[in-house]
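What follows is chain A paired twice: with chain B in the first complex and chain C in the second.
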Partner chain A sequence: MKLESLRKHRRFSRWFAGAFGMNTVLIAGLALPFAVVATSSLKNAAAISILFACITIPTVLLAFLIGKYLPKLLAPVVYSLFSMALLLACTPLINPISPGLSNTLGIYIPILAVNSSLFVLCEQYSAPCSRPIFALVDAVMYSVGFAFAMGLIACIREWLGNGTLWGVAVPGLPFKLAGLQFAFAGFILAAVFSAFFRFVKRTIIWLYYRHDNPLHPKQKTAR
Partner chain B sequence: MEHITLFLSIILAAIVMQNAFIMRGLGANKNTLLISSPRRIFLYGAVLTTVCSLSALISWPINYFFLRGPQLEERLSLRYLVTLGCICLVYLLLWYLTWEKAPRLHYHLRELYASATFNCAVLGSLLLAFSENYNLLHTFGFAFGSGVGYTLAILLIYEGRRRIVLSEVPRAFRGLPIILLYTGILSMAIYGLIGHQLPT
Partner chain C sequence: MQLNKRPAPHIRYQESNRTLMSDILILLFVLTVLAFLFYGRRALMVCAVSVVTAVLSDAVCILLRGKRPSLRDLSPVVTGMLIALAMPAAVPYYIVAAAAVFAIAIAKHPFGGLGNNLFNPAAAGFAFAAICWPDQVFMYPQPFDHIPVFGQVTSILSRNPAFVLQHGGIPSNGITEMLLGNYPGPMGATNILVILTCLGYLLFRRTVRWQLPLSFLGTCAVFAWVFPRAGSNIQSVCYEMMSGILLFGAVFVLSDPATSPKRDSSYAAYGVFAGIITMIFRYFGGFEESMPFAILFSNAFVPVIDRYNEALHRWIRRKSLETRKLKKTQEV
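For the complex of A and B:
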């Protein structure tokens, strides 16, 4: 059994794992409240994604720098307070997207400071053996993956549910599924995209494996 | 009598109609969705409810006396920071108290403290209660109800998961996707139960 090609693919895809192979929302199942509720429009998704990146990258770097010196008890306190301070400083960044957006998002802005994805990454990179480059790469890629998942779900919900994209009416849609604006539609869409991503991920790995280990003609006929 | 009725109705609303998990997705993540035993779910829920209720009691006076009034917009950021600070304080207090006074309990709970405390459901429920301008008792009731509602929601999902395991689920949907789908259908059912009507 040859697995060189698969290993090579894994080494290569490690750099993008956070964005696709280990997507924060769709594969890892973290930060789900935002994907479920805050994706009712593309603007909301963009605002949450910007704030997510603004807090994740510096907090993960902080965890990498001081995590090994912090007692396990105090680590989440430091990370959450630091990310909340960053969040409050960065909230004005979303105002150009749409005035009053921070009021629309309500509690979904402050709870970004305690999202599960942040703590998972911080815990991972506060270990003494973690590599510095991957702390930065993963923080950036997790943010990209989060934005990608949020954008995907928000596009479908806003387009089919409201008939608009980024607030602009999209012509040619003869019906509206207004129920997509509710939280349950967020759960269902997250489930469907999660299944699709898992299927694609498994298929890619299977193709790499099969490339190195082609079926014997007898096996082919047996199939 | 009227106060008691209102208090109980706020608790009931927090458990069913405004369930943090099912109606707002708060605290939804793979680790909590896939907790593998009811005992662990109860322990997790107990820690979360305790933290939520105690944090409500501590942070309400600060919010009431210092962070309300006409300039609320400017003070909103301070409210977020203060509420999170109170949650951190309760986390440290609980950790210390159980470590000092009840080491056996601490042994069982030590792994759950951080994930139950730094959970979107705790901060989200408190901020929701403050935005409704409840008094101290009602804020406590809402926080307590949110914790209980969250625990019940996870138990319901655990039970659903146990039954789904016996079915033939398509491979891509096994694990997280089918649980999310189940939660979505549950959420839709509760929307219907409380009288929401989808626009036609």
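For the complex of A and C:
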């Protein structure tokens, strides 16, 4: 069994793992409440993604810097308080997108401070052996991946459910699926996209494996 | 001596998925013919669109799962027919098609396809259409109105008696009219007498176990009797049972073998549970036609009902064994 190409691909894709191979929502299945509820419009998705990036990158860096000195029980409390403080400071950033958006999103803004993917990353980089460059790269890439997933789901829901994109009417849609604006459609779309991206990930790995280990002619005929 | 070299099982039960589905299909064809008599060619067209979409979606999903579609599998046809017959005859075709696609591609195949689906596909498809297009799905043409097969529907659309009940009124339709299906409603669910005959046929053929529909309908009737919404208690029971798709759902949707429990006693428990949920949804729900939502909700509890019922049966067996042993030791 040769795994050179696969290892090479893994080394290369490590830099983008957070965005695709370990996408927070689509592959890892973390931060689902936001993907399900806050994706009813592209503006909501953009606002949540901006806030996610604003709290994830500094909090992960903080975890990397002081995580190893904190007691295990106290660490999540410190990260939550820090991310909450960041959230308070950054919430005005989303107001230019649409006035009153922070009120529309309601409880989903404060619970960003305690979202599962943030704690997974903080726990990962609070270990003493973690590499500093990857703390930054992963924090950025996880934020990009989260924004990608949110944007994708929000685009479909807003376009098919409301006939608009970023609040602007899109012509050419014969009928609207108003049900896509409900939370259940968010669950279904998140599941469908998750299945699709997991399939793509597995196919890429399989192709790299087959590149190094081609099928024997006899195996091909047996198939 | 001739040995049977084929792999097990060597003895098969004569009933199969195909025979069960055939039984249901025969009855659904009868209802389709009645819908044709009431609403003309439009009813046939709605059924055709739904069935074709369901069959095509099923074939595509099976191919995507890396398997070969089988012509012997009639379940997508049944799903398509159920969706179409629960809709008004004037419904736009794209709504029926979307409901059928949702039923097959979202409610059936992601859970493992035929026999593995947790939720009833037809109920899920109808629920999806009801959420997305309530104005089109809950407006019904009058029977014997001329509805064009193509183009805009110009006939007068009205609400079902279930809508009147939901708003605290008493339907103006007579009981005989309702028994014969001569009132605006879902095109396959208004012929109460025919649906009752279908139930009798299914019970006689043992396609459906009596414990499920009877416990369900009994619970609904008791609920309507105790908490009447329309006039006297008996009036309330009659209108609740005959309006909307309650009876149709009890006979054809609730009794789906893939989404029902495994034991006879579980059937009864499931029927009572589904009945209570259906009536609560009807009394307090947003739509007058809440039966599909109640069925989907009840479907989620089927594994729990099965598990607890199995535990209860084990406990009863253990207790009876213990008492028998105790008697024996006392005798000795």
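Note that in this section the second predicted complex is superposed on the first by the 223 of 223 C-alpha atoms of A that agree within 3 Å, B and C clash if a C-alpha of one lies under 4 Å from a C-alpha of the other, contacts with A are read in each partner's own complex, and residues count from 1 in each chain.
Definition applied: contacts are C-beta pairs under 8 Å (C-beta built on N, C-alpha and C of every residue); 3 or more make two chains touch, one makes a residue touch a chain.
Just so it is clear, the model here is predicted, and its values are computed rather than measured.
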Contacts of A:I107 with chain B and chain C, given as first, second, both or neither: first
Touching partner for A:G18 - first (chain B), second (chain C), both, neither: neither
First, second, both or neither for A:P174, with chain B first and chain C second: second
Of chain B and chain C, the chain that contacts the larger number of chain A residues: B
Chain B versus chain C as contact partner of A:G145, first or second or both or neither: neither
Touching partner for A:A191 - first (chain B), second (chain C), both, neither: both
Partner chain in contact with A:A31 - chain B first, chain C second, else both or neither: first
First (chain B), second (chain C), both or neither touched by A:S80: first
Common interface residues of chain A - those touching chain B in one complex and chain C in the other: 178-179, 182, 188, 191-192, 195
Chain B-touching residues of chain A, taken from the complex the two chains share: 28-33, 35-37, 73, 76-77, 80-81, 84-85, 87-88, 91, 106-107, 110-111, 113-116, 119, 178-179, 182-188, 190-192, 194-196, 198-199, 202
Residue numbers on chain B that touch chain A, as the complex places them: 22-31, 33, 77, 80-81, 83-85, 88, 91-92, 95, 114-115, 117-120, 122-124, 127-128, 131, 170-173, 175-181, 183-185, 187-188, 191, 196, 198-199
Interfacial residue positions of chain A with respect to chain C in the complex: 174-180, 182, 188, 191-192, 195
Chain C residues touching chain A - in the complex, by the definition given at the top: 94, 98, 106, 110, 128, 131-133
